[in-house]
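Heads up, the next two complexes both have chain A, just with different partners, chain B and then chain C.
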Partner chain A sequence: MRFLLSQEFVDIKEYIELVFTDYTLRTITLGTAILGAVTGMLGSFAVLRKQSLLGDAISHAALPGIAIAFLITGAKDTNTLLLGALVSGLIGTFWIRGIVTKTHLKSDTALGLILSLFFGFGMLLLTFIQKQPNANQAGLDKYLFGQAATLVESDVWTMAIVTGICLLVMLTFWKEFKILLFDADYTKTLGFNTKTIDILITSFIVLAIVLGLQTVGVVLMSAMLLAPAAAARQWTNSLSVMVLLAAIFGAFSGVFGTAISASQNNLSTGPVIVLVASVFVAFSFIFSPSRGLLFKQIRFIKNRRDLELHKTLAFMYNIAETHEDISHPHAIKLLNNFQGYTRSTLQKLVDKDYVKIDGNMWSLTERGFETASNLYTKQSTEDE
Partner chain B sequence: MENTIAVKVDDLTVAYNYKPVLWDIDLEIPEGVLMAIVGPNGAGKSTLIKAILGILKPIAGSVSIYGKPYEKQRQLVAYVPQKGSVDWDFPTTALDVVMMGTYGSLGWIKRPGQKEKKAALEALEKVGMLAFKGRQISQLSGGQQQRIFLARALVQNASIYFMDEPFQGVDASTEIAIINILKALRKAGKTVIVVHHDLQTVPEYFDWVTFLNVKKIATGPVKDIFNDDNLTKTYGINYKVSIQE
Partner chain C sequence: MSSAQIEIQLIASLVAVACAIPGTFLVLRKMAMISDAISHSILPGIVIGFFITHDLNSPLLILLAAFTGIITVVLVEYIQKTGLVKEDTAIGLVFPALFSIGVIMIAKNANDVHLDVDAVLLGELAFAPFDRLIIGGTDVGPKSLWIIGMILLITISLLIAFFKELKVSTFDKGLAASLGFSPAIIHYGLMSVSSVTTVGAFDAVGAILVVALMIAPAATAYLLTTDLKKMLALSIGFGIFSAVFGYWVAHWLDASIAGSITTVLGLVFLLVYLFAPSKGVIAVMYREKQQRKEVSLLTFLLHLKNHDEISERHVKHLNEHINWQKVRSRSVLDLALKNNMIDIENQIVSLTKKGDEFTSKAIDYIITNRDAQIEDMKDDFFLFRG
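Right after this comes the complex of A and B.
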């Protein structure tokens, strides 16, 4: 066991060295990290706008664009194909908006419709391309699930530049983004052109999705957008911290995902990155101090116990009050009339020095009496 | 004095699909009144406010503020939306929401600074929420959230305030706090227009009233037109409100 651990330790050390020395690995790690950061950042906006599904629809809508770009140019140049993806992704987005504003259909219906329509059409084109005699056609289907191994330095540069522009725009229009996300109608009354802000945000989301298609693929891309943001939301109540955290979670998902897939042969990178991001989500949902399930449950149980204790104390207070001498002893039997009474709550009250027990008689202490009477006044003032 | 018209609405018609929600509304609101808009559910009360503020695009009609088109007079107008229209789980604080009231005067790109923060803190104090400035907004009660929205509008330091059901879902003490603020606004010469549901409190709270049910039924001083006749016309049934006098 010990041996195994140290063996792994050496592996990790070796791996880190490799990341800095091996060209391919360095390119892929850098690429997935940048991709994770930019999608996490923009994903925060999508999540807060309740447009989680939009990312899914956009990425699926990008597929026919890739196929058509190949059919027109006959070459597999990444930038050309992604340009096609961008165009068809944008068309899909505007169709979704059109359907929502022009018809009675709800947005989830519109998203589902566009998603399946574009994806179906894209698949059709892919099979059509595969039947072509062109020897160049092999490998277009890598855009379904992505293939990080095909990343080259120029791809990483493209990602870095887009991320830089995106960051700049976000910082410039931070105030406008924030108010639009929170209250669009109010933003309009302040004189801002909400359509411009909206288009700006949506365009960047589309751009980020398209950037990730090569690495993560059409099918899983939306997870890159949503998972880091959903995880980040659990840890903070500030928008700026949330965006920052989502970027960090996204970047780490990229780095860890690449590391796992590189050290375990034949694991494809995209799905592994998405799984790592999901681990962030699961961990955050359970262990976040303020919103996590674990601490919520602990707080819930503790509150219940406190309440039980207070109720018992209040019941005893009512009995003690009937006597002039508050520390007059009463029979423990009396407490059985109170439904919430258990022996252990009594013991807890003794431990807190609220109650004294003498044989099978109990009496309130000075402290217990004071606490109990405060409970009453506190409750009546808290009701506002 | 009373004759200055703060808000003038001409021929306003709004439709969502085929059915008109508002039909041919003409309305003149004098400066310095505290006005209730009343009418049954679906009468178009919120729609009227939203159409005046340009949130909804009307099919026909125009709105002028102090004699000029609304688009040129935005800085004179503040809006308090319905509390339920936003997601209160949004990651931000009470102070931050109130600061949003300063964004309009800042314009594009410019960030709020110390001056804006001071104005926001003052507004929070006016609504009795200064102690909650750093509180995450989801941790506020319904009444407190309403006060935050009110403070955000106060920061705008406008001349005309439009409020969409500010008393909805708030407790008695918040209702009193809010109406006191509205009365103070009127005293300062501001015009306040409120979508209101509780007919019993209209005579006590407001001095001006508009009856609305797709069409405008009546508008004028509460003491002249808040009567059974107009209520029946608006609500369709023989509506009797006992006005103690």
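Right after this comes the complex of A and C.
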């Protein structure tokens, strides 16, 4: 961002002070934080409804609306343009729905179609506008990639008000939203008007996307919707916690993204915010305790160890069975041709008091024999 | 028409054909959004390639970009396999991240790189004829014509060579696998072709509009036919038509050629979407209306068969008892009369012999759970459909 051009690096304390004193920086930080929170919140619904890519389609579909609003009014007033974007986003959404319900084309085709066709039409209009003898048209293309630096205080107010309305509606219809999300048929039988609830959620998703166009731009807006929600999903199974977490992740992506892009030259805010959000997702994918890849792998290895331990025990049992005295000692060497045996599993068996080790010999204890025989019967009944 | 104009139209048509072929299979395999993901995420590949070669048309750049496209597919599939998020979310997570990396790389090196995100995303076909390929001092045509021509040639030869395999694996994955065609090879083959096509076309029509050229003609064709070969031919036809017609619209409006090609594609799709003979919206809605009326008719006939009492068979009864609107009961009665299913005497409705036979058969089918056959039976009995 330009206002920090002279400084290559701003240390954190100085930066925080700047956030509170510098008008532009404060506006942008607040704006991106609010945007992240509202998209994260509504994105949770999109992700759970398997409409993840809807955001991508809508944000692209909003482009012709911006161009047409400009062509009609000739003004570059943000609110007018965003209204146009809202209308064309909604048209796109309902056309997608029409294609999916009325024809045999699948939803991915419908999304791709609307996305590319609307975007292409928008580009046609934008280039058409550029050729017009009207000096006012410059700056429309900021909606392509977004320019957080152009946010002003009134934009932030608009965002805050819309977020407030979203929050209010969400809290009022929380029960309806939730039940529709998880069991649409049941909702219908309970007598709720599912169509209305559905349209309500979708409209708010469209609204959130349109709000973000100025900051993040058409192309990257879908990530703002998805990433915080996908990250939040990993930490909880409860909808309310997920929505809250997604809002927090979204807000932090906004704040951190703004901070990083402000501390460097030539870094546009939108892509940085998206990357920060992606880092949140990657972190959640790996380190989430219940679903994360890391702990899943650890559990996987632990399970395999347990299985191998059982295998070793069963093998020992098979040997011991052939002798009258079950505690008759055998050479450890006997186990060597068996894969499940390692020094540590053997030690574990000793720790559990299943096996006794005496020099190079091992012998099964009474307890070990009993466990192993149960293990065996359990296995054999499972096999049948 | 100047030679530059002819060349532009030729390039646009070749791009359209090269996109339509993989696009058809993407649409059929429900992977249309993958093309969108690839078209965005090749950006970092293009940027890195450009840093190395400083030439937007170098083959290395195309290879690197195509490689990034395949990385996208692999990443998406990896995330899908972990089961942490739904499949479409995986797509939506991967490509914005890669695209952001590309945008940041361009921005950080903006001073020494002559590369514009707009140019990559939107392309400018109008300049394509100026970048010419010169071999041994002779001018053999625009570079992008040669690039897209090569890609098209490879695509067509792959299509002809593996048509059977592609067809089987598209419609029946299990059968394809059991016949010994590796689903993975076909899948990644298709993905590679899509990546290469996207990259090859990006400087002509722009990366995002490649998506339009891939999906729209195929989707339009899919509304008109269910035969794979016809669908391929139709989507190629739609692609070429939109390319040429779109060029002239752009010429007339003095606007972006790629944008206007997409707009024409959109209009063609809209027309077919509304008016396609059996799958268009209007045809579907007409059929739904007809079905609704015929079901009402059947309900009414069943009612007549169940009741002999005069009070249950009065014309007015339809409104009062079955609770139908006036217009609806009128139209149902008309339909029944036209088909000779009922007689009306002194406002009392009774079944004719034909109506009785029809109803008995229908009851038979309903009790034995063969409701679908009522549809065939209608053809035998109905003179007029609802």
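FYI, the second predicted complex is superposed on the first by the 326 of 384 C-alpha atoms of A that agree within 3 Å, B and C clash if a C-alpha of one lies under 4 Å from a C-alpha of the other, contacts with A are read in each partner's own complex, and residues count from 1 in each chain.
Heads up, the rule we're going with is that a contact is a pair of C-beta atoms (placed from the backbone, for glycine too) under 8 Å apart; a residue touches a chain by one contact, two chains touch by 3 or more.
Here the structure is a predicted model, which means the values were calculated and not measured.
A.B. asks: With the two complexes overlaid on their shared chain, look at chain A and say whether chain B and chain C clash or fit.
C.D. replies: clash
A.B. asks: Quick one: is A:186 in contact with chain B, with chain C, with both, or with neither? Answer first, second, both or neither.
C.D. replies: In the superposed model, A:186 contacts chain B only, not chain C.
A.B. asks: According to the contact criterion defined above, which of chain B and chain C contacts more residues of chain A?
C.D. replies: Per-residue touch count on chain A favours C.
A.B. asks: Of the partners chain B and chain C, which touch A:121 in the superposed model: first, second, both, neither?
C.D. replies: In the superposed model, A:121 contacts chain C only, not chain B.
A.B. asks: Quick one: classify A:233 as touching chain B (first), chain C (second), both or neither.
C.D. replies: In the superposition, A:233 contacts both chain B and chain C.
A.B. asks: One more residue to check, A:173. First (chain B), second (chain C), both or neither?
C.D. replies: Only chain B is touched by A:173; chain C is not.
A.B. asks: Taking the superposition as given, does A:274 touch the first partner, chain B, the second, chain C, both, or neither?
C.D. replies: It touches chain C, and chain B stays clear.
A.B. asks: Is A:50 contacted by the first partner chain B, the second partner chain C, both or neither?
C.D. replies: After superposition on chain A, A:50 lies in contact with both partners, chain B and chain C.
A.B. asks: Touching chain B in one complex and chain C in the other: list those residues of chain A.
C.D. replies: Shared contact residues on chain A: 50, 104, 233.
A.B. asks: Given the complex with chain C, which residues does chain A contribute to the contact?
C.D. replies: Against chain C, the touching part of chain A is residues 47, 50-53, 55-56, 60, 98-99, 102-106, 108-109, 111-113, 115-128, 131, 141, 144-145, 219-220, 222-223, 225-227, 230, 233-234, 266-268, 270-272, 274-275, 278, 281, 285, 291, 293.
A.B. asks: Would you tell me which residues of chain B are touching chain A in their complex?
C.D. replies: Of all residues in chain B, those touching chain A are 17, 50, 53-55, 74-75, 77-79, 81, 85-87, 90-93, 97, 100, 103-104, 106-112, 136, 152, 171, 173.
A.B. asks: Show me the residue ranges of chain C that touch chain A in the complex, using the header's touch definition.
C.D. replies: Residue positions touching the partner: 27, 30-33, 35-36, 40, 79, 82, 84-86, 88-89, 91-93, 96-97, 99-101, 103-104, 107-108, 110, 117-118, 121-122, 208-209, 211-212, 214-216, 218-219, 222-223, 250, 253-256, 258-263, 265-266, 269, 273, 279-281, 284-285.
A.B. asks: In their complex, what parts of chain A are in touch with chain B?
C.D. replies: Residues of chain A touching chain B: 48, 50, 104, 172-176, 178-179, 181-183, 185-192, 233, 236-239, 241-242, 384.
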